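Data block below; observations after.
Letters are used for the chains, namely A, B, C and D, taken in the order the chains are written, and counting of residues starts over at 1 for each.
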Amino acid sequence: MPEVTLVEATRLAVAQEMRRDPRVWVLGEDVARGGLFGQYRGFPEEFGEARAVSTPISESTIMGAGLGAALVGTRPVIEMRIFDFTLCAMDELANQIAKIRYMTGGQARPALVVRMPHGMWRSSAAQHSQSLEAWFVHLPGVVAVAPATPADAAGLLVAAIRSDDPVLVFEAKDLWQSVGPVPERIEPLPFGVARRVREGGDLTLVCWSALVPAADRAAAALAERGIGVDLLDLRSLWPWDEEAVCASVSRTGRLLVAQEAVTAAGFGAEVAARVVERLGPGNVRAVRRLGFPRVPVPFAPPLEAELRVTPERIVQTAEAMVRG
Amino acid sequence: MPEVTLVEATRLAVAQEMRRDPRVWVLGEDVARGGLFGQYRGFPEEFGEARAVSTPISESTIMGAGLGAALVGTRPVIEMRIFDFTLCAMDELANQIAKIRYMTGGQARPALVVRMPHGMWRSSAAQHSQSLEAWFVHLPGVVAVAPATPADAAGLLVAAIRSDDPVLVFEAKDLWQSVGPVPERIEPLPFGVARRVREGGDLTLVCWSALVPAADRAAAALAERGIGVDLLDLRSLWPWDEEAVCASVSRTGRLLVAQEAVTAAGFGAEVAARVVERLGPGNVRAVRRLGFPRVPVPFAPPLEAELRVTPERIVQTAEAMVRG
Amino acid sequence: MSDAKAAGNSARLLDLHRLMRRIRAFEEAAVAAHGTGEIPGPLHVSIGQEAVAAGVCLNLRRDDRITSTHRGHGHALAKGAGVAGMMAELHGRAGGHCGGKGGSMHIADFGAGMLGANGVVAGGIPIAVGAAQGLRLLGSDAVVACFFGDGAVNRGPFLEGLNWAALYRLPVLFVCEDNGVAAFTRTESTTAGPGIAARAEALGVPAETVDGNYAAAVDAAAARLLAAVRGGAGPRLLHARTTRLSGHTSTDAAAWRSTEEVAALQARDPIATLEAALLRQGASAEALAVVHAEAEAEMRDAREAARAAPWPDPASAWADVQDTGAAGRAA
Amino acid sequence: MSDAKAAGNSARLLDLHRLMRRIRAFEEAAVAAHGTGEIPGPLHVSIGQEAVAAGVCLNLRRDDRITSTHRGHGHALAKGAGVAGMMAELHGRAGGHCGGKGGSMHIADFGAGMLGANGVVAGGIPIAVGAAQGLRLLGSDAVVACFFGDGAVNRGPFLEGLNWAALYRLPVLFVCEDNGVAAFTRTESTTAGPGIAARAEALGVPAETVDGNYAAAVDAAAARLLAAVRGGAGPRLLHARTTRLSGHTSTDAAAWRSTEEVAALQARDPIATLEAALLRQGASAEALAVVHAEAEAEMRDAREAARAAPWPDPASAWADVQDTGAAGRAA
């Protein structure tokens, strides 16, 4: 299998689907130049300006027009450029896209994809670094995924484009350049299935998106210290793989959730609460969440470093949970 | 103490503060007619149109102008009419208001209040019934309160207006007409202090906003069946009264969170996760959350009834937790 | 069709009249049912604005689409949405177009090209331009009519959507129903500048202003503008001055309006205006009365049927959320 | 002041020249520091647009306020923000105006009336109108200048903010820096209609278009418009046509622009243009060279100081969030 970067994997996935289905198209800013990250390189040339639409800086309408186009039977891929700008289109996303199928009693089928490059990347500061995926787990009517490898990003994008649900894709800017194998023919990856990154018996470590590599490094370090980590990359946040997580925790007895997002009311809270509800507190020995403190993302590298979750912090916390 | 409705209590609180401090003013739609719910009745007459500003239907600017006015030293009360329209102003609220103090290294002090009547009320359907308070617990830079009684609503509004933080006030439309005592002179109520509604030793029931009366009815029914409920109305969601909740659960051993909002990634997940983290799963016997399923709010009363949290459901769940 | 033809063609005027009578009768029945509590939730009626919905939608094909507002019964009915399904939906009963999940503010009939009322002011604008873009992509020559009120022109999506439609020369007819009020506020007190048509022109959308209470004038203007839109000339805006004879909601008395003002508005009633014109053109009062009676009978029956319909199956509350990750029945 | 006076008054031109040279030197130093990695994060420079910032801000009082954009160094410097604090902030060092928490995209100096750059296109517009409304409420006669780019006129807040300012006759000067591009896209391909000034007029905001690369013209227009704004005439918009000589960010080569196009843009360099005018008016090349050298020295020193400054205390990352419910140090 060819090795490609994550951003290239997403380019291949969307291009494959646009070749397969003429109803699939892309709209967003600077798409005519291949998108901010090159994820649409060559699209205007191959698919024409009617299917690779470069838009004004009009996030509300990029999102809302995507919905309208889906309502008449096309399958738009809505590019938000940077997640944080999605906040300029929240009525369209949360009040309209997420609810229209229900409000119309199933008449509407908003088969669309919203791509939102998110998270911390190159000291971009508070308005270009947010990870608010938890908001959309709390929002009925949408599917939410947050892949961490080129293969998963490609497979989930293909699944998203073929799905009749609105699918929100959280893409870690910090992982764009990570490299991995991607098949020539990209198959859809089912939603809601976690990926076991490592197997271990002492502690279940749950993560997703940009934190997966950090968690993997931490798990390796813990292995050297004789602590076996069962590392799960959720990949999908809604639906999420409750079965896999609960099965793992019922073996290890310990749950640690590591997230780039703010801990307070983050998705890690849902994972922790659900696992305790399902297994019963009596069957769990320790539960901890790691995440960003309830602080906006600062600009200066040493300030960012002071607040972010690192492999070291994961190791510390995991050790305390197992030994303490 | 005079008995007044909750909506009147808020009117008295804001009027008191506007008399006290000329920098306090209100902006929102239909304020010239006293606001959608009469919460500003008489304001244009008493305070003039410059301090009771009736605005265009421009939520982004209602929110953003409130911020700008706060940056020069006034203390605006921003009226959103119905919570759901706040989604038309999320950039201004989440990217600007919540972050500007931090991004400017403390130069900015956005001393403002955002009032957001929320939740289900009179079959208003999916776009006028949401309870998304959990989103703002997850958002650094804001205080969030959700009172359930006239006295608490008045006291928290006074505290909000006097605070130098942006304070988000979630006001349950369904409780506007509930009546209770409010002092002639309204004192600020400290943020982050829960109210014990009933004392009991078998189970800790945590709730806020519109669910408080339902939880109280449930607790009464449970008392008759010999189950003692320690009922806490959080009142503030950020900061929230971790101490009170943990102290209660360490006595009762059982935590039930009841919320009107969707359970998945709702604020109840934060409460449950935090309590288990702090007390340790070994010191908790049962944890459960009740909330709306991950479904938009339907219009028809029987459909709403099928999905919403009721006293009966709280009783059932609590009994199962205590007896099961 | 040309003004002359529209004005002269009384068959056309009779079609407009019947349609407007049906809209009026539908909403009067709905107000009555809301008064008795049979219709729950907020109810925004378009009594006094029927000529706009009728004049525009009579110029649309079934495969054309519309987006509507919180005040959308007239638009839906004029576009051909089923009356029984609409009335049942307002009542929250089984058989409603949205299975009782939407109600008045979310009435929709995709089969008739009615893509939905909207609970958010200006919420339909981005949807309409996207629908037009999608239709073009699919090679369809259908067009989209996008209804919104004069309060909506102060929300961002108005600028974004019109600029967008003009930029891509999309087949959209924007229809601003200017009744002079937004809820409890006069829009003259919230809207700066030379006016709605001028705003549209500044965004590259040619606009025309008509008296929206003259059905023939609306019909003629809509026909003209839609011909241009369908011909590929790009978007157009129809600014229709009209009258909200009711309060904001069916329970709002709009008591802040003086009796003189209300009388002046009543004098502009588009149905009375059209009936006067028809009588002048030789139509018989009896014939018009028959249309009126038929409309009321139709809506009385619809109301009876809705009232008699069962509630939706509670279990249906769990359906229509999403295919993947749908919520399960509570344990 | 009048055109004639502005053009004629070479003391004024020299002030403009010195300020523009300082802005240019600041940003050239910043680009160099970004190239070496000493300045982290994205860096958007306004090289080629200095005449707009200078021409507008020289007409502002210290207690007037401005809101800025992602390309805000020039606005900040022209408004009187401290250079050392700006350079330190770009470097993320202690002593930065924002304590290293903001960086280039969030540079602010409230003491100088600079209410902040903004990472969101059009994000400053609602803030500016609210600041003006607040100032009036406080009885101040200060005004607000609101800078934004030509890409911002396609976002909703442009319509909402201008309508709002016109409605309440707020003391705001909207300044659109029209450099013809938005990131990697020509704005002519994203903006429909007769133009930015026409959009403003349609929203009730009188507008004037100037060549934004002629400092004297900007100065004169700004003086005129600000006199009206300060006099209570309500908001005005200045549409300044200018040139982005750099790429979108300091690491973007804007390779899609032809060498001819770049040469044509370079030929409009506002500093070269102004220096030519000054020489025609008898200023000496030496004197201009001294100003240039002084500006570069000032910014070299600022860069040295920033480079030498310590990083902010990591513990400070926890401060400045909120008074109540601030996050505690992680356990």
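Assorted remarks:
As a convention for this text, a contact is a pair of C-beta atoms (placed from the backbone, for glycine too) under 8 Å apart; a residue touches a chain by one contact, two chains touch by 3 or more.
Protein identities per chain, from UniProt: A, B = Alpha-ketoacid dehydrogenase subunit beta.
Only a predicted model underlies this, so the values are computations on that prediction, with no experimental measurement involved.
Chain pairs A-C and A-D differ in how many C-beta pairs they share in contact, with the greater number at A-C.
Ranking every chain by how far its Cα centroid lies from the centroid of chain A, the top place goes to C.
With centres set at the average Cα position, the gap from chain B to chain D is 40 Å. Per-chain Cα centroids separate chain A from chain B by 30 Å. The mean-CA centres of chain A and chain D are about 36 angstrom from one another, to the nearest whole unit.
In chain B, the residues touching two or more other chains are 55-56, 58, 60, 84-85, 88, 91, 95, 102-103, 125-127, 140-141, 238, 293-296, 298. For chain C, the set of residues touching two or more other chains reads 96, 98, 100-102, 106, 118-120, 154-157, 160, 163, 167, 189-191, 321, 325, 327. Chain B contributes residues 23, 25, 50-51, 53, 55-56, 58, 60-61, 63-74, 76, 91-92, 95-96, 100-108, 140-143, 163-166, 191-192, 238-239 to its touches with chain D in the complex.
Chain D contributes residues 154-160, 162-163, 166-167, 189-194, 198-199, 201-205 to its touches with chain C in the complex. On the side of chain B, the complex with chain C involves touching residues 29-30, 32-33, 36, 54-60, 84-85, 88, 122-128, 293-296, 298-307, 313. Remark: chain C residues 40-42, 92-93, 96, 98, 100-103, 105-106, 118-122, 151-152, 154-156, 182-185, 189-191, 256, 311-312, 314-318, 321, 325-328, 330 touch chain B in the complex.
Note for the complex: chain B touches chain A at residues 84-85, 87-88, 90-91, 94-95, 98-99, 102-103, 125-127, 132, 134-135, 137-141, 238, 261-262, 264-270, 272-274, 276-277, 280-282, 284-289, 293-296, 298.
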